[in-house]
Every structure is written in structure tokens, then in C-alpha cells.
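Shared chain: chain A. Partners: chain B in the first complex, chain C in the second.
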Partner chain A sequence: MTVATAPAPPVTNTPPSGSSRRGVLRWLLPLGPAIVLLALFLAGPILWSVYVAFTNETLTGSASVNSEFVGLANFTRLFDDPNFINSFVLTFVFVIGSAVIGQNTLGLIIALLQRGRGRTTRSVVNGVVIAAWVVPEVVAAACWFSFLAEEGTLNAVLGISQEWLYTAPMLAVILANVWRGTAFSMLVYSAALSEVPKDLVEAAAVDGAGPGRRLLHITLPLIRRSIMANLMLITLQTLASFGLIYALTGGGPGTASQTTPLYMYEQAFRYFEIGYGSAIALVMLVVGALFSLLYLRLIKVEDA
Partner chain B sequence: MRRTLAGSLLLLTAVAGCGADTEQNASGSKELEVLYKVEPTWPHLEKMLTDAKKQYEAAHSGVTVKLTPVQGNNEAYYTKLALLNRSPDSAPDVYLHDTFQVNADVAAGKLAPLDDYLATWPDWKEQFPDSVKQAAKGGDGKIYGVPISTDTRGLWYQKDVFAKAGLPVPWEPKTWNDVLTAARTIKQKLPDVLPFTMYSTKIHGEASTMQGFEMLLYGTPEGTLYDEAQKKWVAGGKQFTDALTFVNTIYREELGPKQADAHNAKLADKVNYEWFPNAKLGIALDGAWTASAWKPTSTKPWAEWKDKMGWTVMPTQNGEEPGAVSMSGGWVMAMSSYAKNKQEAWDFIAVATNKENSLTYSLGSGDLAPRKDVAADPKYTADNPSVKFFTDLASVTHYRPAFEEYPKVSAQIQEALEAVTTGSKTPEEATADYAKALPTAVGGPDKVLAK
Partner chain C sequence: MTRLAARGAAGLSLLIICLAFLGPFLWVVISSVQPEATLAAQPTLNFSLDNFTAVLTWETLILPLINSIIISGSTAILTVFVAGLAAYPLSRYQLRYRRHFMLTLLFTTGLPMTAVLVPVYAMFFRFNLYGSVPAMVLFLTASSLPFSIWMMTNFMDGVPVSLEEAAWVDGAGWVRSLTTVVGPLMAPGVAVVAIFVFVGQWGNFFAPFVLMDTPEKQPAAVTIYTFFSQYGQVAYGQLAAFSILYTAPAVILYVAVNKYLAGSFSFAGSVKG
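Right after this comes the complex of A and B.
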């Protein structure tokens, strides 16, 4: 990734050397406690989990008190583990399906449809969509569980008997996540669309561009940076999504909806292999970082 | 700015205070923390410990017992306990422990041996049978827990369902095939009755391994997880595949619960509170304690269970000697090696597991009593005609190879079971994957006996 070299900001006000220590103290003193707390409770655990990923640490048994450094053993085991590969593929499907396609497109469509509507329509639609976003993950999962369960609403409406969470678990969690997360994309796009100059769109309309062309050639190019930013945010959010899937299917049946965060949890806290679990977490971190780099890169290319 | 500083300092002090030692507070009185599990439908242990707390505190002034419940099923309890045990500061002094987890904690030095205390406790010598004493024996031969329960396992069946399906009552299956035939008959004659249930998914954790898989594996000729002679774990083999094939047959022929129910954490509640009382289920492979769900002390008593329910042995595969199979485990009260007040902790264990409190627990939970005087108490057998049968199963019962690695082996078994339950793998594939995963689980290929 290239960083644009900007000229160093001009130094305007160099304090006399005597007061420079006081100057440091001025910001360090009030910040100090926060820095200490952050180092203790954020950086500490992160560094610890990076270290643990290279050991055979477990939560019970002799390795829980005498763990050994095992080098890359956890990682070689990881990439030879069919369950991990499976979880990785499912995570990919989940992110693409629910975030990149589902939330992103649906959010954009809702935001587009809302343009120029009356105040009442907007507040009703906004209210409904945002309500789904506001409810806690577990509550959302409970709602979807009762909707998809065998005696649930969906089967009652369709008049059939189908165990949706077992016959189509990935589809179920993807739909639930789209339902829950669309509000975020909608808000981002509503804000972005309000910045699109009306005269530009009208001029295009006068020139004979239909709604499709106006969207493709005027609106979307103008909000492209919001699209990228939104994609990055929801991708990272969805990549780490745990609660919704855990409460809805528990990763099952079998491993049919076990995305990597769920697999990580199972290894670390059910099978007590905290070292192996941390290795999975580390790989997830790298994947997340790669995704962000990719999006940042795309934004940069746009800017160039 | 000064105010910010003062505030931050206050916060830091508070944070530091969290780690402070609470074993002995300012007034010199001591505190014992006791960890246990509780569920809305399983209040029995809480009842027993609350009684024990009252008795203990009355007799030992200056010591407070702090009861810390963990809400949830066994799996949730194991995780919570393992996390609390990570640090001496958070480890409870006394806790409920599943016997199959004991050796892992002994290896880590997290449990205190009780032999010195037991030697001074007449009850141990007089009331606990030798077989029960082994329940929490460490690899070093020391005892690490006082049993509060033991158990055996077998088949429960609904007599009304059997009568309607034209099956004999009392029912005495001799082979696995007899069990499958009965299930098929029920499916054929009574389409809206579920023929058979067992635990076979990861959500049921150790129950799937023990009540489900091991009840089958140990019923095959020479079927075992661990070869005692060679001191190695057995990597699958025909017996393993056969056991999985039974499970496969149950689910592929739709003799078992629907997938949604098979994966439901509350399957046992459905079986015991809904399906059996409403004659919607034929046979269940489950533990001796099942009847406690129907007793007057239960949340949903079912008075007629003594007439409507039958119980029988789980047969061996082809009727091999001794004709029946059972698995035994159980729970103990154990003491943490981090406990600061060990004598007080022991005294509490002795009170909690005395005759009176053991009886309270056994009557509520329906678990088999580890103490002779409780087993002989008329109250214990009076309300439960199935107790004698399940107690006698001790003659054919097997114990799990409770080594440090066992929980990891159990996890691999659950993987295999669930794969067969959902049909994502054939029994052969699941066995092969188990054999492949076993060396990692037990710590090296030299600890595995290839089949």
C-alpha cells in the first residue's frame, strides 16, 4: 500500500524548551490513566493471545499450567484441518451472501426508493428497518428461530412442514443477518444520496437518460466512496459475527453453518484448546486486515 | 485536571481491588466458595447445598459458605469451571466435578488430594462401596473427590405404545436387532409415535458420548476405547463402525427424532415431560435418573409413570455375554488445591455428602446413591420401583477410560456421532476421520493402537 507523501506541516509555534516538559505533561497526565488501562486491558490480552497461538496452552489438563512453545504447529494443523477449511468457506459464503450482496444491495435499494418520499413514509420505513438493527443479536436470533421453527410463522403461512434451520441453515443465518444489518447500509446510503446534486440528475433527465442510466452513470459514481467505506465496515462486522449464528443454529446441524468464529469458540471454550483457538483468531485477524487493505486500495485507486 | 486525576486514581484502586484476597475479611471470618450447577428443571443439587450451608454455618461460626451457581447444562458448567480454575484468585474452593474431568485437573495440579481427610472420616470406610470410591481416583492413586451420585444406563419404554403396536410387555430385547425391530414395528403400526431416542449430537456433549455411543461400543465384542493391556487408545475399528452404523440406521430409517429435536439442547425435557407422558415415544436410551422427571418433586410430575413406563437392559450387539451393557460415571464434590482454608473446605464436603444431604439429593435427582445407608433407606426405594433394576446393572457396567486425554477423545466421538446423525458422513467415513484425528487428541501416534 502506498502512502501519499504530503509535505510536512509548517511548524508554527515552537515552544521554548523550558516549557516543553510541561507541554508533554499537559497531555500525558490526563491521558495517562486511559493509556494504562488500554495497555492493560486491550493491548495485554491481544499480545497474550498472539503468544498463546504459538503454544499448546489448554484450559484444563497439564498443558494448562505447563504449556510449551510449539512454533507453527497450530498453524500447520489448522491448514490441514478439514473442519477449519469448511468453516472458512462458510464464512466466505456468509460474508458475501449477507453483507456484500444482501445488506449492501438491500440498503441501497431502500435508500434509493426513499428519495423524494413523504415524511411519514420515510419515518415508518426508517423506523421498521432500524428497529431490526437496534434489537440485540440474541433477540433477533430468537425472533428468527420462532419464524423458521417447525411450528413457526413461516411454515404456518406457507402451510407446509419444513425444518428450515436444518434443511437450509446457511440460508437461514444469511437471511437473519441481512434482516438485522440492512439498516446500517441504508443509513450510510441515505446520507450519501442526499449529497448527490439534484441539478446533475435533472440535467441528465432532460438529456433523455432513463432512471436506469441516471442511476448507473450519475448516482452510483458519485457515491462510490460511500459504497467502498460501507463495504469495508460491513465486511469486517460480518466476518466476526458470532452471536446471531450461535443463538440461531449453534453452527449446526453438524458443521453446516459453523463459520470460523464459531469453530474458534468451539475449539477454545468447549474443547479447551485455547492455543489452537488463538491461532484461528490470529488467522481471522489477518483475513480481516487483508479485506480492509483491499477496500482501502480500491478507494485509493478511485482517488488517483 | 485534578478532578480527572482523582477520578482515574479511584478507578485504578477499584480495579486493583477486584483482585484482592477475599478469603479472609477484616473481621477475621473466613469464606468458602462453592461452585455448582443449576437448571430450572434441575434444582436438586442447589437444594442439597443450601441445606448443607445452613448446617455447616450453624456448626462452624466464623465461616461463611458462598454458594455460586452456574446456570446451564453440563457443557456450560465445564467451560465456566475451567475458566474460573485458570487463576488461583478466581478458582472456587469446593466444586461439583464430573468424574471424567477429574484426571485432567489432577494432571494440572488443580485438585487437592483428600486421602488424609478421608482417613479421619468414618463414613468413607463404612458407607462408600469400593467401586464407588474409585470414581474420582487420580492417576497417582489418590482420591480427589467424594461421590454424590453414581449412575447406570439402560432402555426406557412406554408400555401403552408397546401394547398398541402389538409388542410384548415386559419387553426383553436380546440383541441390537431386537431393539431396531421393535422401533420399526412402532414406526409401522403407529406412524405418529416416535419410535426411539438417543443423544447423538454435539450439543448434548458427554451425554452423547456416554449414553449414546459408549452404550453401543461397549456392547460389541471386545469393543473399547482404550486397550488396557497395551495402554493405547483404539483407533476406530469394526466395533466403532458397528456402533455408528446403529446410529445411522436409527436416523436414516427415521426411527429417531427429527433433526431439529436431535440438535435441541432440551431434548431430554421433551422426552421426559412431553413425549413419554403423552405416549408419543416408544423407547429411549438413557440413564437411571430418568424417573426423577416424573416424581412428585419434579417440575412436571407424572403420577402414572410407574404403570406406564418399563425399563430394561441395553442388550449387547448379538446377545454376547453377559447379555447387557451399561456405562457408569457420576459426580463428586472436589476441593481446589488453591483453597486457602482446606480444613474448612473438607469439613463442608463432609457435611454436604453426609447421609441426610445425600438422601435429599438422591431423592430429588433420581441419581443412584453412592452411600450404602442412603441406598438402604426406605424413602430412597419407596417412590421409585426402577431403582433396584438400575442399581443391579452395576454388575455389567463399564467405566470410561478417565485419563487426562479422555475429554478430547470424547469430543472426537461427538464429531463422528453428529456426522452420522445428520448423514453428512457414512459410518465408515466417520470412523476413518476419528482414527485420523485420534493421535492429535491423545498426544501422539505412539499412544494409538491402529485397527
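Right after this comes the complex of A and C.
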């Protein structure tokens, strides 16, 4: 990274600088701490996990002293491991169910229903939905634990007796995550909808388009970039979700709700299989990186 | 008439959505003031604050909350300091790789930090940092930096350069300019980033869960999980009281910056379609 010392200063003026060495220092000094921290605690560990994923590194036993290069062994093991495949499928179900379908649709619906409502209605609805979002994930788990308990609120309301966390653990964690994450989509869509020009929608109404057609042919196409960006962001947030599922079901019963982050936790932190755990982490990072790149392409950052 | 019906239906839907979102909170709030609360949602007329006094002991709540304040607070302060410094050249100078750097930061915000913790844990183990609070704070700071630098740069871009030029004429360098002119002017932005990082770390469960070695160092996020898994079924009233006391600071801080955060949601929508 170097400073463009070209004499023609573009839009912004710059503070006085001396020789070219001072020119380097004047950006290196303020950026230095950030670069060092990012290199040591983010880039370093990620690169190291790339290396370790190809070794048999463990934290205990002989391999902890002399880890060996094992090539693709961790990865061939990974894709033959029924528990990993199971976790991958469950993560997919979790992301599609709770983020793409749940949070996204519900967030959009709430934002649409709120249009043209009074201040009080809006702030009450916003307050309630955002409250679920502000609560820390372990507390959210405690809320849902009691809500879904055999004699809990949900069964009392529905008048049935059902051990949700045992009979339908995936449904339980998906519902809990929809509850916790909808606020984000709602806020994104409220912001996007407020920028949709009113006259366009009204013109369509004059031409005889009903509410359904106005939504489908005017409003949704106008906010499609927000929809795509929101889908990417909530997918990224949901992929790595750990605390909520871990506190609510612990991945169980058995492995019925063990998504990939929980499986990674079990392998790396319970069995201390760092090499294998890193291979799982690497798969998660690659999937996350792909979605992150898609997001960058999508939003076409102007000011960067 | 159909317009009225549609409005009514929309209002009814909003009401149902509100009730559904309130549902999971209900028993936590009620049982926190019920002396003998269990998981069974059967409120009685007995009101007592016994659950709150029961959890307000040094090991159960006070020490974990102090740990949370130390961990989240020092992460927030360090992040704001480092991100503020980094934002200055990114906002003010014409750097050749600025765009690459900013895009890399934005890209990094999308990476799953859960996955990064595996190598970080192994690294901490190898370099004898396992259980070290300062080392964990440095990691948490690094993980908060990409988003914070991004936000901080945007806030700094909002401070007109012309205001600084007077200081430069008087011979002030970037340090003076940053601390005496830009810093005070973007104080609201600094507060938003600090509170954002603080609230995020206040709820962070996974990092301290795997990086800290003894219960005495754990923040409330982990202690409440331990309490939940050990006594959640039997002493639900106390768990509820614990939840409320632990959640309150996050809610209060959120309300404080709510106004400013609302603007950042056009972040995903600010893009021209």
C-alpha cells in the first residue's frame, strides 16, 4: 500500500507532508495498529488453519508434539463422515428455513404492513420485534426453552402437550432464530421501502393494478437489490450461528440439530482434533467467503 | 369499504405478529417475580423479588457482570482507538490501495468468526495465551475492526476537510488535527461505534466460552449458560431474573444509539438499483 504522491491533489486536500519517507509514515503510523492486529489475530489464524487442515494436529497425544502432513486426508475423511454430511444438511435447512424463508419473508411482510401506519403503531411493532433482536443469544435460548417447555406458554396457548425440543428440534431452533433475526430484515426493508417513489405506485393504481400486482411488478422489482443484499447478509449471519442452537438443544437429541458450527465445536474443542476441526472451519470459511464475495459484487460499493 | 377491510386486516396481522413476538418473553418476565417459578407457565398472585436477590451474589452475577464490563469495555475502547486512527488516512489521503483495503474489510465482515476461533484457540494454546483476558480482548478487537473501520471512515468522511485546513495552516500535523478537530466533531459517530462493539461483545458467548480457562474469568454470557444448563429446570425464576439483569445494559445502550443506528440500515439499501 503506497501513497499516491502525485502533485495534483484531487477532491480532498491533504495535510502537510515532508519528504517521501515521511509520506509513507503519515499513513503507516495511523494504520499500523489496525494492520498489526488484523494480521496477528485474523489473517494469521486463518492462514494457519489452511496449513493445519492438511496435518494430523491434535492438542493431546503424540500428534500434539509431532504433527505430520497428511495431505487431503482430513478432507477425504470429512466428505465420508456421515456426521459432517448430516451437519451440513442441517445447516442448509437452518439457513433456508430460518433466514431465507423465515426472517426475510416475515421482515418484508412486517415492513409492508407498517407502511402508512401511525407513529405509535410503528414504534410499538418496531420495539417488540427489535427487543427480540437485542437480547443476547443465550437469553434468547432461555426464553425459547421456557416457551417450548412441555408445560410452557406455547403448549398452554395451543392446548396441547408436546416436547418440542425432542420431537421437533430443528423446527424449534428455526423458529427461535426467526424470532431473533427478523428485526434486521425488517429494518433493511423499511429503509428500502421508504425510498420507493409513491407516484409510481399510485400511477399503477390509477391504471387499475391491484395491491398484489403493484407489489409484484412495482415495489419488489424496485427494492430487488436490497432483497439480494439482505439475503446475503442474513445467510452469512445464520451460517455461523452457534450460541442459540447450542444453548437450546446442544445439537441434540443425538445429532438431530447439530449444525456444522456445533459439529466443528465438538471435534475441535471436545475431542481436541485441531487438524480435523480446522478442515471443518476451512469449509465454513470458504462457504462464507463465497457468499461474502457475492455480496460485494451485488452492492457495487461506490464509495470505497 | 374494501380499503377499510384491508386496513383492518393489516392492523390485525400486525397485532398477531406483536403477540407472537412477545410470547417467548412472557414467562421470563412473569417468572422472574414469582417466588416458586418453574418451567410450567402458571402464574400466581405472589409477587417477590427473591429471585433477584438470590442471583445477586458475587459468584453468580456480580463478578460475571464485572468481567463482561471489563471485556466488552476494553474491546470497545481499543477498537474505537485503533479504528479511529486507521480511518484518518483512509478518509483523508489519496492512497493507491485504499479501495482494495476497504473492500477487503467489507469482505472480512462476512467471514464466520465462529470458524476463525478454531485456529485462534490452537494459537492461544501454543503461545500460552489460553485463559488470558488481554489476549482475548486483542482477538475480539481484531474481529470488530473491519466493520468499525468501515463505519468510522464513513463518519470521518462526513467531517469537512475545510475545517481541518485552518489547523494545518497553523502548523498542526495529523495527530493534532485528528485529536482537536476531527475527533470532537465526530464524537456521536465514535459513540455509536463504541456502543455497537460493546453490545456485540456483551452478548458474545462462543469466544470466551472456548478461550477462557476458569469460571472466575468468564463474562455473564457464559455464566448464564452454565447456570441455565445446571439449574434452568429447577430454579427457572432465578434464571429469569439473571436473564433480565444481564440483558438490561444491552437494551439501555441500544435505545441510546437507536436513532443513529437506524440510518445505517440503508447500508444494505443505499445501493443504487
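The rule we apply is simple: the second predicted complex is superposed on the first by the 271 of 304 C-alpha atoms of A that agree within 3 Å, B and C clash if a C-alpha of one lies under 4 Å from a C-alpha of the other, contacts with A are read in each partner's own complex, and residues count from 1 in each chain.
Operating definition for what follows: a residue touches a chain if its C-beta (ideal position, glycine included) is under 8 Å from a C-beta of that chain, and two chains touch if they have at least 3 such contacts.
Keep in mind that this is a model prediction, so the values were computed, not measured.
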By residue count, is chain A touched more by chain B or by chain C? C
Between chain B (first) and chain C (second), which does A:138 come into contact with in this model arrangement: first, second, both, or neither? second
Looking at A:121, would you say it contacts chain B, chain C, both, or neither? Reply first, second, both or neither. second
Would you sort A:163 into first (chain B), second (chain C), both or neither based on which partner it touches? first
For A:269, decide between first (touching chain B), second (touching chain C), both and neither. both
Touching partner for A:149 - first (chain B), second (chain C), both, neither: both
Take the contacts of chain A with chain B and those with chain C, and give the residues found in both. 30, 33-34, 37, 59, 149-150, 269
So in the complex, which bits of chain A are touching chain C? 1-4, 6, 9-10, 12-16, 26-27, 30-31, 33-35, 37-38, 40-42, 44-46, 48-49, 52, 57, 59, 106, 109-110, 113-114, 117, 121, 124-125, 128-132, 134-147, 149-154, 156-157, 176, 179, 187-188, 190-192, 195, 211, 222-226, 229-230, 232-233, 236, 239-243, 246-247, 261, 264-265, 268-269, 274, 277-278, 280-282, 284-285, 288-289, 291-293, 295-296, 298-304
Taking the complex as given, what residues does chain C use to touch chain A? 6, 10-11, 13-14, 17-18, 21-28, 31, 38-42, 81-83, 85-86, 88-90, 92-99, 101-103, 106-123, 125, 138-139, 141-143, 145-146, 149, 154, 157, 161, 164-165, 168, 173-174, 177-178, 199, 202-203, 205-206, 210, 221, 224-225, 228-229, 232, 236, 239-240, 243, 246-247, 250-251, 254, 262, 265-266, 268-269, 271-273
Interface with chain A, chain B side, in the complex: residues 1, 4-5, 8-9, 11-12, 15, 75, 79, 82-83, 85-86, 101, 104-105, 107-110, 201-203, 205, 258-260, 262-263, 404, 407-408, 411, 415, 418-419, 421-422, 424, 433, 440
Once bound in the complex, which stretches of chain A touch chain B? 29-30, 32-34, 36-37, 59-62, 64-65, 77, 82-83, 149-150, 163, 165-166, 250, 252-256, 269-272
